[in-house]
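Taking it in order: structure first as structure tokens, then the write-up.
Chain lettering (A, B and C) follows the sequence in which the chains are written, and residue indices restart at 1 in each chain.
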Amino acid sequence: MSAASPTIEPHLTTGAIVAKTPRPFVLARRTIITPILLALLMIAIALLTMMTGSRPFNQVIIDVFLRVILVVGLYVFIGNSGVLSFGHIGFTCLGAYVAAWLTINPMMKKMAFTGLPSWLIKTQMPYWEAAIIAAIFAGLAALIFGRILMRLSGIAASIATFAMLAMINTIYSNWETVTGGTSSVVGIPIIRSIWPYLIAAIISIFIAWAHAISRSGLALRAARDEPTAAAASGVDIPRERLVAFVISGAIMGLGGALMAHSIGVVTPDTFYLGLTFITIAMLVVGGMGSLSGAVIGVVFLSALIQTLRWLEAGVSIGDVAFAIPKGLQEIALGIIMIIILALRPAGVFGNREISLTRNRGD
Amino acid sequence: MLQILFDALSLGSLYALGALGIALIFGVMRLVNFAHGDVIAFCVFALLWPSTDAMAIVFAGQLPWYLLIPFVLLCGAGLSVLCEIVVFRRFRKANPATMMIASFALGFVIRYFLLMLFSSRPKSINLLPELSQPVEIFGARLPLLQLITIVATMLILLGLTVFLRRTRFGLEMRAAAENFSMARMLGVRANRVIMGAFALSGALAGAIALIFVAQTGTADIQMGAAIMLMAFIATVIGGLGSLAGAVLAGFLLGAASVIMQVMLPIDARPFRDAFVYGAVILVLLFRPQGLISARGTKERV
Amino acid sequence: MSLLALSDVTIRYSRLTAVRDVSFSMDEGEILFITGPNGAGKSSLLRAIAGVTPVAGGRIDLAGHEITGQAPENIARLGFSMVPEGRDVFGSLTTEENLLVGAGMHARDRGWRSRTADELEAVYATFPMLKERRHGQAGLLSGGQQQMLVIGRALMTNPRLIAIDEPSLGLAPNINDQVYERLMALRAQRQLTLLIVEQSSARAMMVGGRMILMRGGQIVLDGDARTLGNGEAIQAAYFGYEDH
């Protein structure tokens, strides 16, 4: 590993830490640099956007922040537990619809959602209050689903989360009086400023960090690396998984609510296989077991997607204008992902984190 | 009553064939192949000429049935083997989660490739229209197509059983599914067995594509995903890697869907699939290894 | 020219070196025991020859072909037949199907069908109980029966060299004697070349032949089993080693 700083250090993931009693403050002081650096990266991106001041670019950066929230949310569960979940975008869906229910003008709501209880129809609140409630709602849903799902492990768990996603999608696509069915829900107030998204992304990063160094997070990672040893030393694996599942569910819900406000329109299929694929791709490319990997995977793949989009829209080099056909963006993304997986199965970062301190060896 | 039975059997046929395609590959390679659904979609669109118009330009679909069927099966087998050679071969030593994600990415690539050629609009095609006439059996009027679906599925299952039990290649596949490295030490060629599994699985995808198009009369890029999800679930419930379990669970899922369709109150019927998924999670809770747990799937070095 | 030759073979599992610079060779018709305490690298060595464990350094030759890094199925085709530790029968296949898997790789050869049938009869003649259970599930056989089945399966590949990893593992002593009895009879009958890994050197001394003693991934002693057994060197090699 290079000696240059920032160097990469395996501290956030050392399962062995749990064997000694963790001293939270020492650990916190040693590792806090990682979320701070990641937050600075986010702020730098935001400032850069302010300087260019272009509208479309603004939207692109909002998408980056949204994906950071979602992928960090995925990391909290997948990264720490090692269990692959295909269901988390379901919580994003729940969060987005909560935001829709709470922020759309009551007059419009009355027409669009005839099945909503009247107190909910009358309610209209600022978007950030709605986003917090959306996060809590998604967290509660994760608690209920998680109570059942966390008893499973391995491929059975992955497939069960997939079933959960499909279940949520089926319900939201068909419950017309409450969700508007498969048609678009319109009238959600659109927030164009990048700051709320930036703040939410940074909050998510810090929540993920705090969870990772908490007793529960450490125990969970120990269980991921050494399941038998962890169980023998009294780690209640389903319980620690549930904690991570609920926290990550809440972050996904928050992301969903903000996503609704960024585009102003939601449909159940916005939150289905496509988004699941993109977010998992970002996490895997960055490195499933690393918070830094999650964030940098988003930045890297977003840049790539954006480049491909520009190419799709058409670029002129000299006199020759050329555009790549539509759909090639996704194809290229899939191919790049396969190549990265084949070359670096643990992702770019693996289990390591960015930090300023020198690598103390592993 | 007879109608319900036939509905259940024909829906179950689709799920069972799908689950079999996944279980075959899982057996030899421990890969949960998410691209399988897109191979099915590919086979459907192989019937058409590439165009983004709403009207389908039927191309291969016009072939007489005795050419059409082998054509579609070959398309599936070919694409599936291609996936193996180009992509999955590089993941032989990867862990199951990495392979699963790679297959997810590959499915995505195939789906958007189709999207690029055909656009995302569902197209209607009328494949073998003479099969949609009803026939009368035991006083019930049943679509001929349903009958053919069930009979064809039974024939495929029977053929596959004979193939696995009676041929040398089948023997090698069963040995490899149980203990891959031991089979190789006895001279069983890894590439041949894995490619064989992919080819069979792809041909099954072709069969599903034919049945599905004939039944629904539409070609939709999304359709692969819907069947696939149920097929996965069937594979897991059946006990990953157990072929008999996958088939059994496929039929059970079909039956559960049809029974729920009939039993659920009208208001709840659109949510049928949600109930099925819920039931699946419950089954997994009580039997995480599936109904029939396959030998040798738990540990493999 | 020797049938099997290893030169400076090193095997690593991530950071752990299991075998370091091991060289030896064996001739056609020879019987060679590799013994040594747990963790000496014996099984790793066998698995590396079979091609299932990658080699970090060195070179392996079998019957005049370099097989370092070759696929297991190709090594098997050159006449190396492996009976791994824990026996590894295909439990869901019948006894006869297990035997036939071994014969499959020569299916392209002329007269394969009749030769396989003869071979099958020969194996059944050596192990009559396998014939009795030929259509029964192999997973339901007893440990000793499974050991005979895997030896029979190895014979079906028409090998030049059979390598057996810990045939005594988990077997009662009298069953183990039976296994060895058949094995030695087979050897006499077919001029088999045998490479046998055992934890204890007692069996090697009893049977005779050449013996290599390994410890900590290296060869400590190499010589005639009976002479070595009486010498003091072997005492020294084993003593002071708690693991044994």
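Keep this in mind: a contact is a pair of C-beta atoms (placed from the backbone, for glycine too) under 8 Å apart; a residue touches a chain by one contact, two chains touch by 3 or more.
In this text the structure is predicted, and so the values were computed from the model without any measurement.
With centres computed as the average of Cα coordinates, no chain lies farther from chain C than A. Relative to the centroid of all protein Cα atoms, the closest per-chain Cα centroid is that of B. Note: centroid distance chain B to chain C, computed from Cα atoms, is 42 Å.
Each chain gets one centre point, the mean of its Cα atoms, and the points for chain A and chain B are 31 Å apart. One finds 52 Å separating the Cα centroids of chain A and chain C.
Taken in their complex, chain A has these residues touching chain B: 84, 148-149, 151-153, 155-156, 158-160, 162-164, 166-167, 170-171, 174-175, 273, 277, 280-281, 284, 288, 325-328, 330-331, 333-335, 337-338, 341-342, 345.
Listing the residues of chain B that touch chain C in their complex gives 168, 171-172, 174-175, 178-179, 181-190, 295-296. Interface residues of chain C facing chain B in the complex, by the touch rule stated above, are 50-52, 71-73, 75-77, 81-82, 84, 88, 90-93, 97-98, 100-102, 104-107, 139, 153, 157. Interface of chain B with chain A (complex): residues 32, 87, 90-91, 94-98, 100-102, 104-106, 108-109, 111-113, 115-116, 225, 229, 232-233, 236, 240, 270-271, 273-274, 277-278, 280-281, 284-285, 288-290.
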